[in-house]
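First subunit A sits with subunit B, and in the next complex the same chain sits with subunit C.
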Partner chain A sequence: MENEINEAHQESKEDSVSKKRKIVVPGEFIVKGEDFLPGDGAKREGDNVIADRYGLAEIAGRMIKVIPLSGAYVPRRGNVVLGRIIDVLFNGWLVDVDSAGNAFLPIDESPRFINRNEMDQFLAIGDVLAAKIWSIKGRGIDLTLKGRGLGKLDGGFVFRINPSRVPRVIGREGSMITLIKEKTGTNITVGQNGWIWIKGDNLDNEIKARNAIEFVADKVHVDGLTDKMEQWFSN
Partner chain B sequence: MKVKRASGRAWNELRKMKAKVGVVPNADGSAIFEFGDTVAIAAVYGPRKLHPQHMQDPATGILRVNYDLLSFSVADRKRPGPSRRSTEISKVTEWALAPAIDLEAFPNTVVDVQIYIIQADAGTRTAGINAASMALAHAGIPMRDLITSVAVGKIDEQIIVDVDKVEEDYEGGEGATDFPIAKLARSDEYTLLQLDGKIPPERFKEALDAADKACQEIYEFQKKALKEVGE
Partner chain C sequence: MSSMDTSNLTREKLTAMFNEDKRFDGRKLLDMRDFEVEYGVSNMAEGSARVKMGKTEVIVGIKMGTGEPYPDSQDAGNLMVSGDLLPLASPRFESGPPKFPAIELPRLMDRMIRESGMIDLKKLVIKEGEKVWTVIVDIYPINDDGSLMDAASIGCVAALHNAKFPGLTEDDRADYKNRTDKKLPLSGETMPVSFTFYKLGDNLILNPTREEEEACDTKVTFGISKWNGKYMVNSCQKGEETVFKRAELERIMEILPGKYEDVMKKLKSYIK
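For the complex of A and B:
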């Protein structure tokens, strides 16, 4: 399960003291000057850099980014996502990953050889899987199962949270999710699309893990969340 | 001021506003916006796959707005379901919002905006546009700017800002004029301009200036609500 953690902490570089952050609305002025580079969610308007969308504006050196606080999942290359098989085609599977377009998992991208006549013995309609996005082309998303922790998810249950909360749920270097896994003794996979799969020895632990995750997802703007979580567990 | 407003407001005074984002948990973005007794809820879904497929545009995502005045929102129960009026308002709202949003990054998709008026006291389309603009921002849709909207009007010869139901039905003197506008908040680009009644061309500028000032006030209010994220 290392996969999702490595992906996520690139996007969850947060709380570092050197960065200034504030909530901005679309069109709002962020910073003035030619030296700044508008990144994701920001753009240049004359001399100023303004926000292109609603979120947390972050000034990291010369780079200006707006981190979304809410909204639908926008797929990116390299993301680990959870999805559900919605169709079995002749050369692969069609997967619903809760984004604007459906994703496609080619038969060649499965970890082992699969007979084309027996594809639904490996993944049938309704099955849930963890997969990695390996390309996004004009039309459609391509998935792969080659990688650690990827594949069909058996047992347990899946629920969803807002995709913008995923970095917080994982925590810096995966600290939050590791804590939740340890304290509840469950196995958890977090997809960047906000789908979360939990499997434990018994239902009580699974529900405890889910409550913990929902607790974190609700408290997005609190600092020192990992410590708060430890407190939550001791109650 | 020649004509007194029933609500006791000054001619350029808005009704009390209230706004909040994140009110519909299942939507990707949502907002509630109130002008006095007019309450609008907007929910945004998407960008998501567009059906029917023939409406898909490979160059850009599209915006689809549905405005609905709920049956309990007015004093006499309104027959539920789409009407000529609600279809028209859906369309003008869509046109009012479209210039602000940029969906080129999401081809073949749709952004659905549902606007529900749960309490109506005139100015429902303007409240709906304000709510929808905040909901679109809350959904993380790339936007040039927020849209702000207000109805100015004229009762007899007096220009007034933010017309309410009593004023809309005013019958003395020259009667009532309702003049809803919407604009990109930081510039003078107007995206909605309707006129029900009459206004002399030489007073048009006066009405528009009043609307601009009111929009500035509404914009600050929308910004404030979006920045209060404590859910």
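For the complex of A and C:
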């Protein structure tokens, strides 16, 4: 499942909190002057650039952006997400991916042939799957299962963290998640929507992996988390 | 909200774990979470308490005023329990007219407090048939990570013990500017606490987190207290569709006294 992690990383905007970053709340003044441009999560008000979201304000050259620390999942094309089947339709499945509006997985996007009369043999209501967002149109999100590591999830368990913490959990070039996988010997898939699937050989390791991920997701404002994580495991 | 429903995967996993007497947070099936009580949350209320039980957090406030007694209880004060499931507390709660859980919570707390006889309502009379004290208990969940009912019951008892009467003006109205040190007429021994047992498969669990709560098939809440050295059930309510077997209810009855004593030991250390 390496490819997902690399893809996930392209999305990740934050890894460790540098000293320059400041925590801002919506409406808070970040910087003054016409030279600066407001990016994601920031906006211009008169001469000032102010925050539009709660998060870490980052000044990169002329660009001001706010890396959100909370909030709902905003779907992007190419994201790997985990979802739950909520309905089986005649030409596909309706999937809940924890975003505004439901996602649709057409029957043609499944990796193998599926008899239209036996669709719930492949994915039934309540099943969990890993899928990739293939397109976002005005009406909704379309998913695909064509890709490595995508498909129905069997065994293990799924839990959720705040989607804004996903980049932290993955870490720089997947360092954090690789560490957790190695230390616990489990298989982990992190969806960009904050759903995480863990499967290991035994329950204790699975629980340990979950605790580790929740530990990371909890520590938003900490530098050098990967080192801290190694310490956590040695205790 | 559909995203709140449990996936097949989680339900299967939890069932398998419960069969091994294991939970995600390392507790055994019938272990309670530890709780904390904090007073003085609201300076406008006559009494208030904040209860933290894991990530679950509930604020309970007590307001007292004077009013007329109800026609069927001319010689007793009034007790009102109200609750509001704020959308702040959980993505499951929506604003708008109260739905089933928002009605169930205060009603169960009301029944538990009233039937235990924890408050001697007869001592709340100012002038019989005309003027009595009205005690209003307000329950506000701040964060719901399961077992809201059980945390609220601890909060209600703590807040009632924390409450002090306001003063009384000459025309028998509450004088909130001159607070007194007089406490509510509460029984020293009888303190009701509720315990909600959830069932998944054949396993009974106590004090679930939200994740576990959502996966469970059914639940039953018991409000219990102690009177004259004996345990008594003050309130009882079953939720959801699946049934409880007789043997399971008998087992619950065996578990309850021990759990009650555990909670009481902790709670009494908070009540002065």
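Definition applied: the second predicted complex is superposed on the first by the 226 of 235 C-alpha atoms of A that agree within 3 Å, B and C clash if a C-alpha of one lies under 4 Å from a C-alpha of the other, contacts with A are read in each partner's own complex, and residues count from 1 in each chain.
We take it that contacts are C-beta pairs under 8 Å (C-beta built on N, C-alpha and C of every residue); 3 or more make two chains touch, one makes a residue touch a chain.
The model shown is predicted, which means the values in this text are computed figures rather than measured ones.
For the composite obtained by overlaying on subunit A, subunit B and subunit C cannot both be accommodated without a clash.
In the superposition on chain A, contact of A:Gly224 is made with neither subunit B nor subunit C. When the two structures are aligned on the shared chain, A:Arg210 is found in touch with subunit C, with no touch to subunit B.
Looking at the shared chain after the overlay, A:Val128 reaches subunit C, while subunit B stays out of its contact range. Judged by the touch definition given at the top, the superposed model places A:Gly33 against neither subunit B nor subunit C. In the superposed pair of complexes, A:Gly156 makes contact with subunit C only, with no contact to subunit B.
Measured by the number of subunit A residues touched, the leading partner among subunit B and subunit C is B. In the overlay built on the shared chain, the residue A:Gly46 is in contact with neither subunit B nor subunit C.
In the superposition on chain A, contact is made by A:Ile86 with subunit C only, not with subunit B. In the superposition on chain A, the residues of subunit A contacted by subunit B and by subunit C overlap at 102. Interface residues of subunit B facing subunit A in the complex, by the touch rule stated above, are 22, 28-29, 45-49, 58, 61, 100, 102, 106-109, 137-146, 184-186, 222-223, 226-227, 229-231.
Subunit A meets subunit C in the complex at residues 84, 86, 96, 98, 102, 124, 126-128, 153, 155-159, 197, 203, 207, 210. Only residues 2-3, 5-11, 13-14, 16-17, 20, 22, 24, 26, 211 of subunit C touch subunit A when the two sit together in their complex.
The part of subunit A that touches subunit B in the complex is made up of residues 23, 25-28, 41, 52-55, 68-72, 100-102, 138-139, 164, 218, 220-221.
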